[in-house]
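First, the structure itself, so that you have it in front of you.
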Amino acid sequence: MITEKAPLRGIFTPNIVPLDDQGEINEAELRRYVDWLIERGVHGLYPNGSTGEFLRFTAEERRRIIEIIVDQVAGRVPILAGAAEANTRETIKACEYYHELGVRAVAIVSPFYYRLSPAGVYAYFREIARNSPVDITLYNIPMFASPIDVPTVARLAEECERVVAIKDSSGDLPHMMRMIAAVQPIRPDFAFLTGWDAALMPMLLVGCHGGTNATSGVVPEITRKLYDLTIAGRLDQARDLQYRLLKLFDAMIMTAEFPEGFRAALRLRGIRTGVGRQPQSDTQQMALEQLSRQLQCLLAEEGFTDEPVGGCPAGDGVDSEQVARIVREVMNELRKRGMA
Amino acid sequence: MITEKAPLRGIFTPNIVPLDDQGEINEAELRRYVDWLIERGVHGLYPNGSTGEFLRFTAEERRRIIEIIVDQVAGRVPILAGAAEANTRETIKACEYYHELGVRAVAIVSPFYYRLSPAGVYAYFREIARNSPVDITLYNIPMFASPIDVPTVARLAEECERVVAIKDSSGDLPHMMRMIAAVQPIRPDFAFLTGWDAALMPMLLVGCHGGTNATSGVVPEITRKLYDLTIAGRLDQARDLQYRLLKLFDAMIMTAEFPEGFRAALRLRGIRTGVGRQPQSDTQQMALEQLSRQLQCLLAEEGFTDEPVGGCPAGDGVDSEQVARIVREVMNELRKRGMA
Amino acid sequence: MITEKAPLRGIFTPNIVPLDDQGEINEAELRRYVDWLIERGVHGLYPNGSTGEFLRFTAEERRRIIEIIVDQVAGRVPILAGAAEANTRETIKACEYYHELGVRAVAIVSPFYYRLSPAGVYAYFREIARNSPVDITLYNIPMFASPIDVPTVARLAEECERVVAIKDSSGDLPHMMRMIAAVQPIRPDFAFLTGWDAALMPMLLVGCHGGTNATSGVVPEITRKLYDLTIAGRLDQARDLQYRLLKLFDAMIMTAEFPEGFRAALRLRGIRTGVGRQPQSDTQQMALEQLSRQLQCLLAEEGFTDEPVGGCPAGDGVDSEQVARIVREVMNELRKRGMA
Amino acid sequence: MITEKAPLRGIFTPNIVPLDDQGEINEAELRRYVDWLIERGVHGLYPNGSTGEFLRFTAEERRRIIEIIVDQVAGRVPILAGAAEANTRETIKACEYYHELGVRAVAIVSPFYYRLSPAGVYAYFREIARNSPVDITLYNIPMFASPIDVPTVARLAEECERVVAIKDSSGDLPHMMRMIAAVQPIRPDFAFLTGWDAALMPMLLVGCHGGTNATSGVVPEITRKLYDLTIAGRLDQARDLQYRLLKLFDAMIMTAEFPEGFRAALRLRGIRTGVGRQPQSDTQQMALEQLSRQLQCLLAEEGFTDEPVGGCPAGDGVDSEQVARIVREVMNELRKRGMA
């Protein structure tokens, strides 16, 4: 059983939620996935994150997800529960409930849709922090939500004991350093987690305590090892691994609608993720199939899967079949836009 | 009783929802506000829009809002009901329910938080359109949600009979013209509504059929009159009114966190809006008080309120008290950031 | 002979500079082009603008261009001479020289490359305005240069008599209205010109005095007629023409590197533009050939050229040859990126 | 004497050019500054960079700057000469001239003002690379100029032997890794330099070969030491130094119009920089004086200057005088905007 107050350290997996054929939460597979992740060494779980598509579930489902995960984890690793709801009152209720369930902390994304000013972001988190019985991780993801700027982080860290960490997914390394420089002198216990797998090693080297990394849901062995090697100061090996992780990360994040690339890769690792709730057009589905093949080659390189039928191209090369498919997709698009 | 299939024309008010002292929906005041708006000439209502803060209500509350408004409107004007929920399945259920209630159409904002590609936006709306029993208005608001580009609008208009209109809040006039040029030849019945009050007159002049304008919730008399004058070709008067509306719009939209400026102005018109659900910092509250004073002067100029105690500055001038307040706020900010 | 102090009104053409086979200024063709434009009704010329690629000429060439144009125009229309040089001292020298040559005014783009704050933009223009013997038009083009915000325009208009106009290429209609509302009460003589052809009609309808429009260099007949119809209040005809101009404008501005599309179209009108100074890759050249064919169809629709050999597709359709070309280009790109 | 073909390694200073009271190049002080930099350990010089304000000098002055520096350096360190001119022909002439003078390589910024597509950026550099007698460093600074994307870097590296390095000032660490991953396998000799001082240590740790860092023009001792410590693997000391450099860098880059903060700091180190060519408003000058005082405290902490008269605040605190000044500036701004 972990101590409730252990500081947040290491790799927290923002887990995808497997769905069944009806699009409902596949509880059995979710439980199996939780075990699979813990067995492969992740330090904690982070359900209801962006990778976990918290927004595409109902409020009831979000609670159900935490219940299942708390039950299945059974104290083996700490849980960071995404708790953002429709407004501060609903969010505080979620904090209370997740606290009762025994999560280590909650993570609350900055207000989204509306882009709030720093003063508005501050007021939002302060209201929640004053009323939450459980520790809070700020979640900064400026490409999706209102940015949390450095003075706001510092002010919340200073005024609100409950705010114990920030998860930053901006990928901006100097920004992370500015936060650490501003907050650490006034709150030495504050934890800094990066959500940008592409820079995990350098982020750890400038003082981050860990990460909430989507890759750790697919290749937990690699993300965990990268963390261990970096912490141990074995930089040559860490650098090599960071470059390999970058390749995987880019393939999963750039080629398809987020988080479809991660879902596709997870299926290759044997987790029955089911089909995501965001519909995909024919073009997108073709692209996903192609991506899946490419991911299988990358995972095979790492020893996690077999090569796909027909083999993989040497190097980073792309075979003529892929080109043919791309051309077909382009033709399709042209046709749909009335150009053919 | 309006005919269900009347085309969407005119000014639809994206109404704010009054709250009581406990932060709950103030049903009585909402009903009074609906009457107030209809009496002042708006052509329709648009509950659960961005101005209506759909995101800060729970799914149950969003349904309750539509129920109240349908009941109170009692067929006097058409209702465009915001119906976006957590995923396509939930959204389709909302479409079905609002259809049973008798709304003219639903409006569905493009997927937000995640920024989807055009293919993803297309797939999302197609899935909903194929399953909705009620007409659908696409809602494009690129500063908050995934943009709906011109080819996607054209494709949805062509393939989906249920998609009958677009509400575009980009404020980009050539973009509106490109949509009209692409869609009108294939769907002459398609309606184009602008959500950007600052350009209502020119938008109507290039072919828009109306607007869903937040100002119409505060000064319905002006927004409606601007529509009438423009449609009647009385451009000199329309231009003058558009400039006056711009001044009001800018004051409400630029000085405070959206939609707090609109709420503040609405209070000045005698609607008991209550306090919004997004907490405001002390600095923001001081700024809102100042804005309220400024809005009172602007509304007094239009004859809607008395001048505030102490009077209004001549022209656009700002009195010394305002400057003193601004300086106080700056000092406050500096202090909070440890600089004083 | 125009009076020097006539206010800036109407359509000023930001003319392209024809080059010869050695890439030098083709003086004879430039003179012929000037006559061609004036004969087709443009109200003025605007050499050394963005369309005129001022940046791709040397300081000496920029002066030579103005000399030729002043000489050829011979007082028939006013000249607005782009005068931005390396720094304020060089710019002021250019102002002095162009003043001696007899231009009506200069146009000075906001500082570019470095993105200056409003205070920096203000200081830059004030320094020039205090030392220029000739009237100055501010040039706001935020996609390329430091934005000139509304308070800065108002302050410069108030403090600097020499600043008599702004050319705004943002295409943002409410922004234009905000400038007019802020400046006109303090400087009734100030002129507002739009550089965004896609919104010329609506810009004129909210109070603009004219435009510096790249389309007027290619289809001066249309741009001029659109201006005339709008000013005359013949809105139905103006709207129709604005839509046709938008189609041409989009084809020229979106399909190729600016201003290559305009150069290609100008060649179709019989002006020997020569090859631009910015090199084009093979892919770009193929795209330009394709664009040229499409432009020829659009210009043929307007009666300015014959249809290309092989004819034009009905409606906006695109023939199979175009699709084949696009596919070839895609294949090429893939190949160059090592994917085929 | 350095070998001409030594690979680009270490810290290249993008030097500011001292000006005299007439605003002309102060040759004597520039020579003294060159010596001062070399004595303090920079590995090379990079005149006519962004910090060197290449754009604010005339073409003749840019040549003169390189002449002076080549003469003064006298082979002690390699020179990377900024060579971007009005167009490819002028740029190639500059390459030829600088080659004759004996520079190690030129650096050419991506086309600016116009935002070119990747194909246009490729065509531009290829044209220059095919005709340049001297090695070329690509210069990517997406906040000021057309971005050079990864496939374009890879393609140029593959096709053009003359292209030997890239200077990337994006500060985006994963982007740097993507470039290294794409280029190193095909061009093992290719050098990667970072222009973003805030991330120098992490950039070196993922494989960069050095930097062109503006801080090295002001505190060459620190930037050089940071490079040495990082290369030597003394990460704890390097990290500490990187945080201190970040503080200095942020003060110089964020508080004033670039590169005024660097010029102000350089003056504190005893270099007579003169006044920059971009005029400063009164507000900006007051802010610069305030910045200068703050910089003097930061430089005093590092032992490079005395504390300013009146001393420095403890920690990062700010004294009441500073607050009074800020308030005065705010009042000033309000007044200028007609609000007081």
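For clarity, chains are labelled A, B, C and D in written order, and residue numbers in each chain start from 1.
We take it that a contact is a pair of C-beta atoms (placed from the backbone, for glycine too) under 8 Å apart; a residue touches a chain by one contact, two chains touch by 3 or more.
It should be emphasised that the depicted structure is a prediction, and the values quoted were computed from it without experimental measurement.
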(message) Quick check: more C-beta contact pairs at B-C or at C-D?
(response) C-D
(message) On a CA-centroid basis, which chain has its centre farthest from subunit C's?
(response) A
(message) Just the number, please: Cα centre separation of subunit A and subunit C in whole Å.
(response) 47
(request) With chain centres taken as the means of their Cα atoms, state the distance from subunit C to subunit D in Å. (result) 34
(message) Taking the mean of the C-alpha atoms as each chain's centre, how many Å separate subunit B from subunit C?
(response) 36
(request) Scan subunit B for residues touching two or more other chains and write them down. (result) none
(request) Could you pull out which subunit D residues touch subunit A in their complex? (result) 171-174, 177-178, 181, 196, 198-199, 201-202, 205-207, 233, 235, 239, 242-243, 246-247, 250
(message) Under the definition above, what is the set of subunit A residues touching subunit B in their complex?
(response) 23, 50, 55-59, 86-90, 111-117, 119-120, 122-124, 126-127, 143-145, 151, 154-155, 257-258, 277-281, 283-284, 336-338
